[in-house]
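Below, subunit A partners subunit B and then partners subunit C, in two separate complexes.
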Partner chain A sequence: MASEDEVSLLVIVLDVNPIWWGQQTQRQPEFTLSKCLDAVMVMGNSHLIMTRTNKLAIIASTCQESHFLFPSKHWSAGDGTGDDSVSAGGDGKYELLSVANDFMAEEIRALVARMEVKDQADTLLAGALAKALCYIHRLSKQLAAGQDMTSRILVIKAAEDCALQYMNFMNVIFAAQKQGVLIDACVLDSDSGLLQQACDITGGLYLKIPQRVALTQYLLWVFLPDSEERAQLVLPPSVHVDYRAACFCHRNLIEIGYVCSVCLSIFCNFSPICTTCETAFKIPLPLLKAKKKKVKPVT
Partner chain B sequence: MAALSEEVLLVVKRVRQRKQDGTLYLMAERIAWGPEGKDRFTVSHLYADIRCQKISPDGKAKIQLQLVLHTGESTTFHFANDSSALKDREATKELLQQLLPKFKKKANKELEEKNRMLQEDPVLFQLYKDLVVSQVISAEEFWANRLSMLSVEGSVGNNKQDVGISAAFLADIRPQTDGCNGLRYNLTADIIESIFRTYPAVKQKYAENVPHNLTEKEFWTRFFQSHYFHRDRINTGMQDIFSECAKQDEKGLKSMVVQGVKNPMVDLLSLEDKSLDEGYGSKVAPSTSNSKPTVKENSNSAIIKRFNHHSSMVLAAGLKKGDGANDQASETSSTDGNSRDSDFFQPPIKKVKLQEAIEYEDLQSGSGPRMVALNLKKSDRYAHGPVPLQSHQYSTTQDIITAVNCIQHEMAGYKPCLTQVMSSNAVSSAIAALSPGGVLMQTSTQQTMNQLVPSDVQGELKQLYTAAGELLRHFWTCFPVNTPFLEEKVVKMRSNLERFQMAKLRPFQEKIQRQYLSTNITGHLEDMLQAAYNKFHAWQTRRMMRKT
Partner chain C sequence: MDEEPERTKRWEGGYERTWEVLKEDESGSLKATVEEILFQSKRKRVIESHGQVRLGMMRHLFVVVDTSRTMDDQDLKPNRLTSTLKLLEFFVDEYFDQNPISQIGIITTKNKRAEKLTDLAGNPKKHITALKKAVDTTCIGEPSLYNSINLAMLTLKHMPGHTSREILIIFSSLTTCDPANIYDLVKTLKALKIRVSVIGLSAEVRVCTVLTRETGGTYNVILDESHFRELLMLQVKPPPASSSSECSLIRMGFPQHIIATTSDQEARPSFSMAHLDSTGGPGLSLGGYYCPQCRAKYTELPVECRVCGLTLVSAPHLARSFHHLFPLDAFKESPLEEHAGERFCQACQGELKDQSVFTCPVCQSVFCVECDLFIHDTLHCCPTCLHNQGAS
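Now for the complex of A and B:
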């Protein structure tokens, strides 16, 4: 029996990197952005109908912006009159879901239409996560007295990690950990070290999908249950996370290295001057024993 | 040759040992026996080594004395002098009885310490069992490092605190009625000591009178009977040995009052025992000098004086003797008749105390140690994550344009089609992958090492690691090898390591092999030992080359 007091919020962050998705469409026409969006919609609908008090938000993240697909600015849940332009699907569907889906479709169309060609090829994922956290924070303040909210973020990642967003990413991860927000990750293409760390730190699930076509199934099986229910289920085990640091000179992942005691920058080889803070260092050489003079016998 | 400089306490002739006639000598620190006609001693034992002595029962024909040493050995002496054998043996026995306890403590103490350490620390005990009992290293080596710990602990234990005096010790001696109009006081040694420490005058009297004039019992009976002890100390002029004590106490109290308190912030004289009578203090209080002190007031003031004196004596006795003497000396010197002197000393002390009260160290703006400013040239390095600098898939501008156009084209006519999201084939393969045993669930079947290896094997492994760690620590601290002592030690440690490997590690490995545990849990231990062997080998070859 779902009580009125427990609210579960799911925020889906979808990576809509046009370059990756454009190339994906060319590589594998069975699985395009449309299909992905359908899968996300099914996931969102499922979450909404699990419990009446469940809430949903969907954010699409592109190279230029992060935009809320749902709930959009026109969305007002308690609006009984409704817009005439928005019509129920006519297939007897739960009206909330059909209206939501329509809104989502409208927003994504508008979003893709205003995409521009730019040099930057990286998804603004850290920004999208930050927006998600802010949304969660806002909703948690709007709760009625006595209501509890548990929230989680599901990241559906397509393109590769962006190294420049590292600091922001880590800040977001630690903020989520402090807030008690789980970050789950569903990775479509290549493994992402940052998301692995995020899932490990916040207690979420990380999954790299072998078959993109069956995305919906994976989402429903693995990511639909919330954290309490997950404890009762048999889900894919957590991966081993590579927490090795990268040296500042070559960006190689190293296990043993040299750390400058002044600026804490990591190097893989010893150099007498730290290149970051220009401090000079000396390694003490082992003391050589004074050689004993050999006394030659006088003949 | 027996050392003639030793003090010989007892000589017993005609004592047989191992069926040989000879003479037994008891010296200051050892007992020795030499055969008849020869000058040297064949048997010699230090008293410290002797654990106990035994004598044969009285009824037996042979009159013997046996010495049992700490190591477990025993030596038997047969007193064969026909006339005085029994007497000889008794004399020897008594002398030994007196001497042994003196030396016993020294030897036992170390053993006791060691035993205590072993009992308190189970890890140490296990290490001891592993290394010494199985003869990998000898007991002396084991204790060599740890004796430093022994001595430290011993000194800590010796500084016991002196027990203080309970302020109510006199009251605790509750007299019990003896049935017929008498009172029984139970005096223990503690109470007697407290009385002596608090009232040195009584101690003096005791020293003077006991045991010459009075027995202890009489002394204490008189003490309790005397009015000195009881409440109303009115000097009736009786011939009481304790009446002097009362006078001494008065003198002591007066001198204490004169001394005053050292703390310059406290002014005891301004305190007065005035109560607000009628008129709330506005009326002038009648001067007390006119009225005669009544008997009741006298006895009240006497009681209060006694209480004060008692408390001050208890406090004074509680101070450590050394400190007490110093304090007394400094106090008397500063407040001695010379008033100028005392005035001179007072302001600085007062000033210091006032300063301490006003100032706080951390609130002062002190200049801390000079710091060097951090000067970062390339601070953007920190912002780069642990992502290797691989070349990303380089997309040409054309590619980008194509991709964006493609997407835009596709999404322009996007309509969600939720009834045909996926095919059943795809779904069933996904479900298969997610079910236990599927592709994605592989790692969960892998059990951690923790679960595979049984706990007793784990425990044994831990013990092996502790023992190996200890040996390796001894080995590695020998380097760099500077002294011949270290050279010997290195060689010895290497042989110890080998012995350890043979005696402990190999059987363990065989055992786990028999249990079909395929995991290699001793690999790291072997690596560590091998590294030690390599280092030793390298050092040895270098030494050989230097010698040739």
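Now for the complex of A and C:
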């Protein structure tokens, strides 16, 4: 049983890419964005019920922005007696949960209404993860004396990876590792190399869901327990992560490569100039033994 | 040799009225002044980046720790030696975090001799174990700057030209006992392009000033333990590379991590090559990293393969150093009163309560002081710029 001094914060990052979700609704009408949100709400409520001191935050990530669905700007924790219409659900539900669900639904409706659909079928998770880390950092400074906080981020990913964000993604992963934040990944569609690396480096769990309709079950079974409890459960095995580097010229994965000492770019073949930083390299000549001068016979 | 004019010493200047910094407000409380001082100290931590300067990414650093009689002094609690060793453990961790492909070696000097505690290696665990064991050493005799620098130089002189060769000396005594003229050694150091920096624990010593000035390093004397920590952290960032260092393409291997379980038919437990000379700990393991050139097994990266000499790293190790090469621009500071929009920090969703707000010059989003520090120290990327980047 966790004591008053242990606070566990769960941040759920949900990928709301309109193109992927639109296609998904056509492919499989049983699993739409609203069903996914229901699953996320159940997960959030379960986390809040586990211990009184648990905290929750939910971020929706789109191509243009990442928006906090909960806690939203208009809500502050001490606001229990505020709106009668919101809190008096009448069904005896724990007030915090009904307030959370209502705010989430309202915010996601507003977000979807104002979202412009651009021609982008991939998702930019690095921004949402960076905001999540800033939020975690702020909350860890606001703890009362003697309180300990453990945090983790659960990423629910739908669309494909965007290759442009590799460097920022890696920065975010190293920042999370330094802060001791675990990154878990629940992947709905295609495998993501970046998230596999993130889970491996920070010590979280990576799972590609075989049946999307059962999202709630997977979330509650695999991702609800926190890191101490996970050691006692039998969870899906870790995947093999490919840490080979991709060369900058062809984007092939290579086992042995050449690294520029100035800008750290990786090449598969030796070239006299680095294409990234335009430094000319010294070509290593084989060492020649000093030849002894032959004495010419005097004629 | 003496081109710089001597600075005036502290006792030669006028009186400093440090009490005038504190000002009381009408009710007599100092709260506003204290908050102002705290705010300034937070801002001091954001050091301006160098900009487009070539940095020495692969560093070979020797840390020389003075273990002479003066290290027994109790002005740093519990005594100077214990405090120094503890801070050095923290330094080694931070150093390998920021420079994953670099190496450190540790040398101690006492009794007019110098001794290597650990050899140049890229694995932090070995160094930390050695530092923990070194707490019990007795502090006797006098240190020898010449011998310790000579010992470091013997190894550094064989390092390839594209790496940056550095020596960091933690010097607490006011004397040194050298077998030969140290100024000749300084000339040799300059020729070998070795940069020497000194952190003094007692007072400024002239030979250290000359040493650091000639080789291009820094010399600082500590005020107290937190200042000591700050000075050590300054050494963690990669220094600008000297113009004469060569740039070359380094051949590196990127091994795959093979995870095998006991149920796997072909998996056999084997020894890692790194355990050849270490005596403690279990050696057999099932999976590991196999060198792509010679198939020797290792359990941890980065490492230099003992069989074929290839440096083995993984892509995240190189990625860790990228933020030095593409540093984040400093945010623009403006007072809270001038900020017209909502009092809302876009990164942490908190209210803006401090004196100033910070605006990113690229995407114009506002952040609070804590987020600004966090973004520049740890995150190295602006959370809102990432969306604009992808959308273009």
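The rule is short, and it goes like this: the second predicted complex is superposed on the first by the 250 of 299 C-alpha atoms of A that agree within 3 Å, B and C clash if a C-alpha of one lies under 4 Å from a C-alpha of the other, contacts with A are read in each partner's own complex, and residues count from 1 in each chain.
Following the convention adopted for this analysis, contacts are C-beta pairs under 8 Å (C-beta built on N, C-alpha and C of every residue); 3 or more make two chains touch, one makes a residue touch a chain.
In this text, all values refer to a predicted model and were calculated from it rather than measured experimentally.
Of the two partner chains placed around the shared chain by superposition, subunit B is the only one that A:G193 touches, whereas subunit C remains out of contact.
Touch criterion met: A:F281 reaches subunit C, while subunit B stays clear of it. With both structures placed on the common chain, the touch criterion links A:Q28 to neither subunit B nor subunit C. In the superposition on chain A, contact is made by A:I19 with subunit B only, not with subunit C. By the touch criterion defined above, A:A214 lies against subunit B but remains apart from subunit C after alignment on the C-alpha atoms of chain A.
Within the superposed three-chain model, A:L124 lies in touch with subunit C and out of touch with subunit B [touch as defined at top].
For the contact definition in use here, the residues of subunit A common to its subunit B contact set and its subunit C contact set are 164-167, 170, 244-246, 262-263. Listed in rising order, the residues of subunit A touching subunit C in the complex are 63-66, 68, 71, 73, 118, 120, 124, 126-127, 130-131, 133-135, 137-138, 141, 162, 164-168, 170-175, 178-179, 197, 201, 238, 240-246, 254-264, 266-267, 270-271, 274, 279-282, 284. Listing the residues of subunit A that touch subunit B in their complex gives 18-23, 25-26, 32-35, 37-39, 41-42, 45, 101, 104-105, 108-109, 112-113, 115-117, 121, 160-161, 163-167, 169-170, 193-194, 207, 210-211, 213-218, 221-222, 234-237, 239, 244-246, 248, 250-253, 262-263, 265, 275-278. Subunit C meets subunit A in the complex at residues 54, 57-58, 97, 161-163, 241, 246-257, 259, 292-293, 310, 314-316, 318-323, 325-326, 344, 346-350, 370-371, 374-375, 378-384, 386-387, 389-391.
Chain contact summary for the complex, subunit B toward subunit A: residues 374-379, 381-389, 392, 395, 397, 399-408, 410-412, 414-418, 421-423, 426-427, 429-431, 433-434, 436, 439-441, 443-444.
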